[in-house]
Each structure stands twice: as structure tokens, then as C-alpha cells.
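Shared between the two complexes below is subunit A, which has subunit B as its partner in the first and subunit C in the second.
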Partner chain A sequence: MSLFAAATVVSSVAACGGGDDDSGGGGGGGGANEASDIGITEDSIKLGAHYPLTGVAAPGYSEIPLGVDAYFDYVNENGGVYDRQIDYIYRDDAYNPTNTSQVVNQLVLEDEVFAIVGGLGTPTHSAVLDFLNSEGVPDLFVSSGSLLWGDDPETNPYTFGWQTDYMSEGKIIGQYIAEEFPDAKVGLFLQDDDFGEDGEAGVREYIDDQIVAAVRYTPGNTNVGPQIAELQASGADFVVGFNVPSYTALSQLTALQLGYDPQWFYSNVGSDTELVGRLLANFSQGAVGDASVLDGMLTTDYLPTVDAPDDPWVQKFQEIWESNGDGSDLTNYKLYGMSMAYTTIQALQAAGQNPTRDDLVEAIETVGAEWEGPLLAPFRYSEDSHMGTGGMSISRLVGTTAEEVRPVMITDIGDAEIEEWDGEETAPPENGIPDEPAFNE
Partner chain B sequence: MNVTLTGLTEGMVYAAFALALVLIWRSTRIVNFAQGSMAAATAFIALSLIQNGQSYWVALIVALASGFVLGAVVERVVIRPVEGGPELNAVIVTLGLFVAIQALIAIIWGSSFESFPAPFGLEGFQVGDSRIAFTPNSVFVIGAVVVTMALLIALFRFTRVGLAMRASAFGQEVARLLGVKVGRMLTLGWALAAVVGSLAGLLIAGGEFVYPAYMDSLIVFGFVAAVLGGLDSPVGAIVGGLILGLALSYVSGYVERGSALVNVSALVILMVVLLVRPGGLFASSVARRA
Partner chain C sequence: MTDSQTPSGAGAATDEAPVTATAAANAPSAQATGGRSFLPKSTLLRHLLVLVVCAVGAVILLESTSPFRNSQFATLSYYAIAAGGLTLLTGLNGQISLGHGALMAVGAYTTALMLDVERGEDPLPLPLILLLAALAATVVGAIVGVAAARLHGPYLAGATLALAVGLPGLAIYFHDTFGGEQGMTVRAPRAPEWFTSFIDTVSGNPASGTKWLAYVGVVCLLITYFFLANLVRSRIGRTWRAVRDQDVAAELAGINLGTWRVLAFTVSACAAGLAGGVLAIVVRLAAPSGFTLVLSLSLLTAIVLGGLGSLLGALLGSALLVFLPPFVTDLGTEWGLNSTEAAQLAPFVYGVVLVAAMLFAPAGFVGTIRMRWLTMRAKRAMAASAGSTSRG
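After this line comes the complex of A and B, so read on.
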């Protein structure tokens, strides 16, 4: 059997013309592969995920699993992890928590996955948080910036966040405004749920006295006229939005109707210029400009984006996307998926050759904070915190490119200080696959 | 001020959709829940045309025509077999149709958000030194709805076809005895209602985003507006739509966290009106209700 596995590795490496001898596999190991836990066989690891592939949240988000899939495919071609091929199953929950429960049940009980990785959405993933933790299924790198995934590892020992949480993001935005726009009258445009609340709490730590209005919209109600009118009436000349991309487009459209032209600052979630531009594009026939209405907008980043084609990570992922993607253009969502998949490979390698589910969790807690990857700042993983990265830079959109106006700052939830991140920029490994040693060796 | 104007424009849109419900109610005595997805389907047909370089007006006409055909086909193929049975059967069939058509749209056009162009400008008019939430496109929406309402009133009041349609809806057998081709009238009623629905769908879409379920909340609001107005009065539908649009806009704009209360408020308004005037604000005499 092991002979057969070795032959597969050789042929797939030859097939993709790779020249790297120690591709995949992480640290040495040496012993034989065993079926060490549910979802792991001698030659495969089964991973599951839930994404909105249809419905209101599908635009953009449905592209994330394509990126994940392409990256895993690439890793598989290069020998997988400890000679195990990754079997990645993602299912559609249409951003409906009831569906999420159902598909995650199916993934855990029928497909018998080793771990869930990158499940998307705060309301959706909340629905399966208890289930996964009571079943002891590792619940890695949830695609949402809610504090739920990381601030209480005692209650949810198997769940880990990944991206910057909304509160830390709010703090970094708040501090930036306090220092650079001390005279601005700030309005907040918030999604009426945890997302908006966490962001607001973070921003208010720094500029509570500058805020003149806070309006909330309910996802699904597409008339934001009253909210934008209230911001305008309050005299706010600087608006911070914690909203999803379609509401970026709606708020821009409504502001245009009202002739309201403040400085806009959209948090990371709502700022995908490509998607917002596409949403606004058709209106150009109705005498509205296209994405150029976003010119001058401020936003935050925790990952390099496709707007930065010179970034070595973007270049590497671009290469992998071209060889293993579906032929479409690389987008920020696919880039997000590939980056998250990269971290997943780091975790699987660190968990060792024959890991149990608990090994995986322990590996992330023990060595996860040291991993280098595409994210701008390191993860905060430890036994006491399962929060993902806590760093963000701030950039301004100029034409179609983003210009950094503030370097990467790092912070944590609560009243933790904000500091400038002084680490070095990382570069991807030559073959684009991490090589982490097992945590317990 | 701007909250009021936003409310008026939204209200006109609800009214447009309520008109379609009223039309089908008057001509068939069925509440058509599938109206929303039928309208969405024609809006997507229009969008494909526009994206392929056709003008808005060509797309509008094609959409209305396809609405007419769709309405007629739906009546002949899906509704006809259950007509004459308990009215509830037909209503449940339209509910099923509503889901089915929506799924079909997602299969054909995908389920992502798309922006839908508006025929007129989306920048508010300048009044003094401030801009108001009233755009050239709002004028178009209001004009189109008022004209449609006038045409419907004229149809039912002053034409033989309108009379025949009403007769077929109230008493099929009596109408048939009097020489009215009831089957044809019912088909025509559905087809015309689908045209109005499709117009509403396009007016709503203009300058907004469309996706397969974009009509969902409008079905509810349109239905509330129609019931407010008494379900069989075109004028009532418009007044109902305006009342609802204004009320919801005020709730959203002036109540703390009002945006979340919009749907609840619609229900409260509906209940209050029905308690005070069970027939709706503009109901014709109770005796006429079938």
C-alpha cells in the first residue's frame, strides 16, 4: 500500500513538472500512516465546509470554496499532507441557519469529516457551534469576524477564528479617525446584528465623542433611504460602514440620490471594490457612474488583495489559481479561500503524521501563533484565545488601486492597546506549500 | 422631508404591485401569490436584453409581452385544472408556482445580485441648495402607476371586455348563459394581471438590485396595500400603497432600530385597518363579495 502511495506521489509530481523533492508532508515522521481518527485513512483526510452557494449572500462568498478547492487540489498534486490526499466536501446552506444545521449534520454524521474548515457566516455558523463542540469536531477558521469563535475557548474548545474580528477592526478604525480626522463628525452605518455591534463597540473606544449618529439597517430590507437621510441630517461628514457589499452599493446609490457626499470608510467585509463595482455597473445607463463613485473611499485589509498584483503571495496564488482553478479570474474571495486553505495545511502538518482531532486543536494552540502566511499579521492562538489574526492596515482607494495610508496595526479585543506590527513581511515558500514540523516532535 | 419622499416613492411601488393583485382578484377571484416570481422572471428577461445592448424601452416592451404570454400560459396549463374547485386549491397552486418559478429563475439566470438600470436619472432634484430624495426616475414610476390605474378603471368601467371579465369572475355559469366566453375571459384576466405585475416588477427593479427572490418582500407589502385598499379597488390599491410606504418609511427613519421593525409594522397596520374597516378602506359594498 505504501509503495502504491509513493508511486502516486512520484507520478503526480512528474505530471505537474514540479522539481521540489520534499514537496508536501511537513516534517519527517517516518512511521506508517494509520487511520488515526474519524475522517483520516492511510491515504486521505476528509474536510467539510458550509457556504452560501445560492441566495442573497452568494455573490462573492460562493467563490471562496472555489479558492479553497483549487489550493487543496494543488497540494494533492504535490503529495498531499503526509502522503494523504485531501478530500474536501462543501455544501450549500444558502446563508440560512436551519440549512446550516442540516448540512453540517450531514458532513459530520454521514460524510464523517475529520474537521470543518472555513464555515461561513455569523448567524449560520452560530447554529452549529454547540453541535460541533459537543461532538468534538475541530471547527477551524470560521469565515466571519465575530468574537464568538475565539474569545471563550473553555466553552468552545474546538472552534477557531481566522480573520480579524470586528471589534479589533473597529478599534483600529477608531484610532485612525481620532488621529487623522480629529474634527470629523462621524456617522455609523451598521448592520443590525453582532457584526455592526462589535464594530461599533470598537470604534466607540476611540471616538465616542466624535460620533453624531449611528443608524442600523436590517439585512433583506433594501430601502436604506431613511437611514442615509438621518446620517445626512445629523451633519456627519465621515461615515463608517460595517455592512455587507450589497449594502455598500445601496448606500452609495442612496447617497447619490440625496446628494450626500461624506468621506466613506467601509470596513473590510463591505469593501470589495470589484463586487461593488459590478453591482453598480448597470446603473451607468441610468446616469450613475460605476465603481468610480468609490474613489477616495477608505477601507481595511488583513490579507493582500488582487489590487496588489506585485505582492509575492498574490503572485503565488495567481499561479496556483491558473493551474488548478476553474479558468475564471482570480478575485479577492478566491484569494481569501486559498489563504485560509494555506493555514489549514499548516494546521494539518503541525498536527503530526497520525493526528487525532484533539492533536489538531492542541497543535493550533501550541504553535499556531508562530505560523507565517499570507495574512498581514500573526494569529493570536493560544490555550486562552482562539482568536485569529488581530492586525489590519488601512488603505484608500485611488482609481482602481489601493494606496496604503496606515501600516499594519495589531490589537486584541477588550481594552488591549493598539500597536504597530513590527514583524517582517513574509514571502511564500517556493512551491507555495507550507512545511510545518509536527508540534509534538 | 426626505423620509417622506422616500416613503412616497416606495409606496408607489407597493401600489403598482397591489394593482396587479387587484386586477387578478377582480377578474378571477383568486389571490395570485405567484405574481411576484412571474414578475421577477420577466424582469430577468428584460435584464438579459439590456445586457445584450438593447435599449430599456425595447426590454420593457418585451418584458410586458412575455408577462402577457406567461400569464396566459400559467392560467391555461396550471390553473385551469383546479378552477371551479374550492378557491383554496387555486391559491395553494399559486403558492407552489411561486416557489417553482423562483427556482427556475435561479437555474436560468443564476442567483447572484445584479443591478437593474433605471430609464431616468437616479440623482435627486435640486431644491435650493440641497438635493431631495425625489429623482427623475421616481417621477417615471409615479406616472406609470397612475396611468396604469386609469387604464384599469377604464377597462372595468367602460368596456364590454371589462364587464365580461367581472361577470366571469362573479358567476361563471350565469355569465356563460349570457354568452360570455368565460374560459377566454379568465385567461385574459390572468394575462393582463401578469402584464401589470411585470410592469410593477420592472419599476421596482429600476435603479435597484435584482435576484430571484427580490420580489418577496414586495409580495407581502403589495398584498397588504391591496387589502388596505379593499382588494378590488384600483384607487384603493394606490392609496393603500402610499399609506403603507409612508408609514414604513417613518418607522424606519424615526423609530430607534426602526429598520428591524418594518415588517412587523406592516402587519400592525394591516390589523388595525381590518379591525376598523373589515372590508378595507375602499371596499365596494359587502354584498358583492363572492
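After this line comes the complex of A and C, so read on.
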């Protein structure tokens, strides 16, 4: 039986064809699959997540798990991870932390998942941070750029970030403005929570003297007239926004009404042109038909987007989405989900054939920084940091396509330097499935 | 019911409508139901007996269910505590409040602040913290109650609505103290040793943190309901009912309407504060996004579904809030819907249940059953008396 299992692992790895074969996932271990920890059986791994599938935060964000699901589905069709099929359960928290704690209780206590993967939102996920870490449940790749997930692995040893944190993003934006727009008078448009706060702290490290105004909005309050008017009155001709997509649309509409036309720079979170275009049409009741007002806008990227259809990763994910998705168009949110699922597969492969929950955490700490994937820059995972990727490029929206105006820069939180990322662009494996060796072999 | 839609004076409007809507609230006391009861005659003794039975039942329930069910019971307990207070206010005293979510926020933030101590230091004992949470909400409730006592119907709804919308905003405004949008993480107190040994003696189950929180919630729930039930059956409860049903008559009888309305609001706020405290330790977070208008409205739907004015109704309504959405979601997944569609099914089904209840059981579960039972008894009594007269 054990021989047979090992043989199928090897043959499925061989069938994958990607990467070098002798370091293939699980090729070295040999033994049979065992139910090595909660949520793992001989032939399945159970993973869970919480997303806003209903309510105000659902547009956009509810598409992420569709991407994750499609990618896992594809991996399952191609033999799964160490011959285990991935059983992915995601539940709705409506972006309400009270609900998050209930559904995560359900995922951990009733569904008995092996790990939580990609739980979305800063206030929502904060509610379960302590619970997951005290129960010893790996809490991978939180979908939020808060510093909470990665800067204190001693307190939260099971939690890992994934996307670029808001402070590093702010620093990269700040340095770009200092070098390319040294005479600009900069206004900041910030969400009034740690998202805006971390971003502001990062930007101020480089252009504190250029900033003429910083205004804040409270999520839920849809009138941003006073804030935009204040920016206009301060004479700011360059506005950096750390805001969510709906406030990109609101700030654009308000600026149109006030006849205010600065250079806009929206951070990654608020820059999804497709969603902003839809929101603009909706909020203006058709008066603004699409995202054309965003023409010339600057933004940051840590992932290839659907605006770059020639990117090999986008093409690969497009292919997978067409075969395993629900037939709708591929969006940046689905792309985000698929990329995050890709990293998850890397982590599961690296954890070894019969991993415990602690093995998974140790694997990410030990080899996670070396993984190549769709992200533009590598992760910062180590024993001392659980921060995700620290790199971003900057691009300008011209028409409907994004043009890169600054290559990928990498940095870290605090006063770490910003450097240009000198690594090579990665290409996806031929079959779109990673092939990581186990970390302890 | 049509009376309530025609503005034919306050007296006419209250003549019939509340009688149906609050049928659940008008529980006759044991003395009035006649001699067939085996329960003690004294209200206090009777309630103590019920309390003990419920406590034993709760231990059996918590020990025979899975850890996940335990966590659901913890959730149920804070909804039910708040709903119990609200049903007393709305069902018994006739005041509406759309602001109970905000009062829960007061309790939750008080608890979060009290538990937010330096590592190594010991916070105050948990019962004291929860008591302080209830007290803080009581103070806020008394202030709001003074304003609320002067308002009626839609105006009162509007004023309390403002509370629900406005109060969580304070947490964002003073974000250095209250943690802003992100909220305050609550380090849930660990189970004490006597609890571990108690669970070990009773069932031998592992005494996890989840179980401890469920017990804290259930104990708070039982204590709250014990106090509320005694209040309902006392002179205070009867006065509240008098204020609700016939304010003119009540005033003529020497009842100061304002004072009694403020009192009802204060008691109700106290329960909401305790519920908020329990919520904070169960959810381990106090954040503005947890206390949206949706919370206040779900409490209101819970007491309406269960039966206005009835504590049992409030409990049943809260149970529906907690157990129905996951049940519907799982059912949806079984029917082959994907997780997103299944999740969207849950609020839809809850809405349908609410509409159906309003159409077919406007007095709520408890009210409808009680009315059926009363009607049946009246019919039997009439038949019996008719029989005896015909024989005689």
C-alpha cells in the first residue's frame, strides 16, 4: 500500500512536468499518507476562510473566494497535494467582527479545518487573531495589509500576512513622489483607521515637508465634500489616497463637482478600475459612465492585474479560470484569490507529506522567503517576521491599460531602506501548479 | 388591528392593537391560573425553583454538545440577555428602542477597557467587570431614558436610532482610547482552576476556553432572566403594563408616567450593558462595525418573532438569530449551491420567516401559543358551564 501511494505521488509529480523532478514535492519522503493532524486525512486536507459574501463589503471582495476555489479545484483535478484533495470551506461574516468570531468558531470547532487561509479584513480578522493563535490553528495569508499579522510573531506565532503592508506601500509611494514630483504640494486622503494611519506614516518618512494637508474620512459616511474641499483649499496639486474602492469613486465624483483636478495617486486597495468604474456609474446614476475619469491616475501593484493581459501569470490564471471558474469574467479580485491559493499550495507542499499544524508554520518560516510565484517581489517570512511581500511597482493608468512607471521596489516596515528589486521576473510552471520540496528533507 | 391604522385618538389605538401584539406579555400569575399548579405560591420561590431547574438543564445541555455548539450558546446568551431587556421595554412598557446595539457597545467597550491591562497585571475579577459594564450602560440608558420618556412612537424610534448610529462613531472619534475602526482586542479571561475541576467532576470533558465563555454567558443569562422575571411579576411590572395599555387611566390612578418610563429604559439598558460585556469577551473584540444598526434591528426582530413582552419569547427569538443562518447556509450547500449563494440564502430565509410570522402569528411564537391555549380553555369553560346549566 505504501509503495503504491509513493508511486502515485511520484507519477503525479512527473505528470506535472514543471520544475526539476528530483526535488519534486514529496518525491523524497516515500511513506504512506497519514492523518497527521486535525483536518488532514489520508486523502484530504480541509482549509477554511471567512469573507464578506453579503452586505456592504461584498462587491468585489466576495469574488476572491471564487478565485481560490477555482484554483484549488484545478489542483485537485491534477492530483491534489501529496495525493490529498483540498476541501475548501468559506463562510460569510458580512464584514462584521461579531459574525467573524462565530463563523471561525464553526470552521475550527465544527468543520475542524487544518488551517485558516486568506481571512479577509482588519477589524474582522482581529476578532479571531487571539482565538486562532491560542488554539494553535495556522492562520495563513490574511487578506489585509495591516501590520498586525506579521510584525509580532512572538505573540501571534500562527498568523502570516501575505500582501504588501500599508506602511511599506506608503514608503514606496513617498519616495517616488520625492524623486519624481519634488515640487508637488501633496494632500493625503485617508481612511480613518490603521489603513490610513500606516500609509500616512510611510509616506511621511519621505515627503513630510511636501504635505500640505491630510484629511480623513470615516467609512460609512458617504459625504466626502468637506474633505475634498479642504484639499482643494490647501492648494494640493497631488493627492494620495489610502482608501477603499467606493471612496475612490466618491472622491472622484466630489472632485468633479468642485472642479478640482489634481494628480491622483490611489494606493493598491482603492485602485481596482473595473469596480471603481461600476461604482462611479452607480453613484452618479449613469452621469459618469465608466472609469475614464481615472485616466492618468497613478497606483501601486504587488500582483499582475487583468489590465496586463500579456503577463504570463495572468494568462495562466485566465486559462485555469476558464476551465474551473463559474464562467464569469476574470477580475483582479479573482486573480488575487488564485494567487493566494498558489502560495497556499506552495506552503502545503513545503510542509511535507504528513505535516502537523506546527510543521506548516515552520515550513513557511524556513523556506517561504524563497518561493517564486505571481507576486512581483518575494515574501519576508522568517522566524522574526511573518510579513508578506514587501515589494511594489508603480503604474499609471492610460486609457484602460496600466503602464509601469517605476519598477518593483522592495522595503520593510520601520526605517528600512527602499531598494530596487533585482530578481528576475518569474514565469508560471507549465501546468500552473507549484512544485516545492518539503522543507525538512 | 385596523384600529391602529386610523388615528382615532390614543385610547382607541391602544385598545386593541397591543392586546394582540403583546399577548405574550400578559402572563397571568400562578394564583390567577387556578389551583392545578404544583409550583410554590410565592413568586420568588417559584422563580428560584425554575432557576435551579434551568441551571441544571444548562449544564446538561452544555456538557452533551460539541465545542462549536457551546460557542453558539455563548453567542445565544448575549443576544438573549439584550433581547430580554428590550422585550421588557417594548412589550411591557410600550416604548420602542432602535438603540440597544449602542447600549451594548457601551457595555462592550467598558469591558474591553477594564480587561485592557498591562501584561502580568491582573485585571479586576470578571463578575465585577461585567457588573461595571452593566452599570455604565445603565447610566447612559438613564440619560437616554429621560429624553425617551417625553417621546412617543416614531419620534422615540428616531431618537434611539440616532443613538445607534451616533454612539459607535464616538469610538472612531476618540480612536486613541477606543482603538478607532479597528476596535479594541479583548484578551478573554482564562478559565479559573475551580472551573476546570468542576467540569472534570461533572462530565470529564476538557474545560476549554470556549466552554468557559459559554458558562459565563449562560450564568449571566440565567441571573438576568431571574431578575427580569421577578420584576415582570411584581408591582413594577404591573405598573409598566398599565402605562403601556392605558396611559390616561394610569395617570389618573396616580402613576407618574415619565418616572416609570425612565425606569423601564434604565432596567433595559442595564441588561443591554451586561449583554455587551458578555459579547466583548465572547467575540474577543469591541469594534464599531460590531455594533451597527443591524444589531439593534435584529434584537427587535428577535423579540417580535418570539413574542413581545415574553422572556421565553426573547430567548426563542435569539435562538433563531443564532441557529437559523448557519442551518440555512449548510442546507443551501447540501442542495448544491456554492458558498456565496448559500450565504446569501440565510438573510433571505430570515426575512421570509419574519414576514410569515407577521402574517400568520403576529403575536410571535409564545404569544400565539398562549392565545390558542387561552381560547381553548375559555371554550372548554364555556362548554362546561353550558353543560352544567343544561343539566341544572
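Observations, loosely collected:
In this section, the second predicted complex is superposed on the first by the 405 of 441 C-alpha atoms of A that agree within 3 Å, B and C clash if a C-alpha of one lies under 4 Å from a C-alpha of the other, contacts with A are read in each partner's own complex, and residues count from 1 in each chain.
Following the convention adopted for this analysis, a contact is a pair of C-beta atoms (placed from the backbone, for glycine too) under 8 Å apart; a residue touches a chain by one contact, two chains touch by 3 or more.
Nothing here was measured: the structure is a model prediction, and the numbers come from that model.
In the superposition on chain A, A:Y217 makes contact with subunit B only, while subunit C stays out of contact range. Judged by the touch definition given at the top, the superposed model places A:T122 against subunit C, while subunit B stays out of reach.
Looking at the shared chain after the overlay, A:P97 reaches subunit C, while subunit B stays out of its contact range.
Once the two complexes are laid over each other on the shared chain, residue contacts for A:D192 go to subunit B and to subunit C alike.
Contacts of A:P59 after superposition: subunit B is touched, whereas subunit C is not reached. Looking at the shared chain after the overlay, A:L279 reaches subunit B, while subunit C stays out of its contact range. Comparing which residues of subunit A touch subunit B with which touch subunit C, the overlap comprises 54, 62, 192, 218. Note for the complex: subunit B touches subunit A at residues 2-3, 6, 10, 47, 50-51, 56, 106, 111-124, 126, 130-133, 135, 137, 206-209, 211, 213-214, 217, 249-250, 252-254, 257-260, 262-263.
Across the complex, subunit A meets subunit C through its residues 53-54, 62, 65-66, 69, 89-92, 95-98, 101-103, 105-106, 109-110, 122-124, 126-131, 134, 146, 191-194, 218-219, 326. Residue ranges of subunit C in contact with subunit A, taken from their complex: 66-68, 71-72, 75, 169, 172, 175, 180-183, 185, 187-188, 209-210, 279, 282-285, 287, 289-290, 292, 294-295, 322, 326, 329, 338-340, 343-344, 346-347.
Looking at the complex, you find that subunit A touches subunit B at residues 54-56, 58-59, 62, 192, 215-218, 220-227, 229-230, 232-233, 246, 249-250, 253, 256-259, 279-288.
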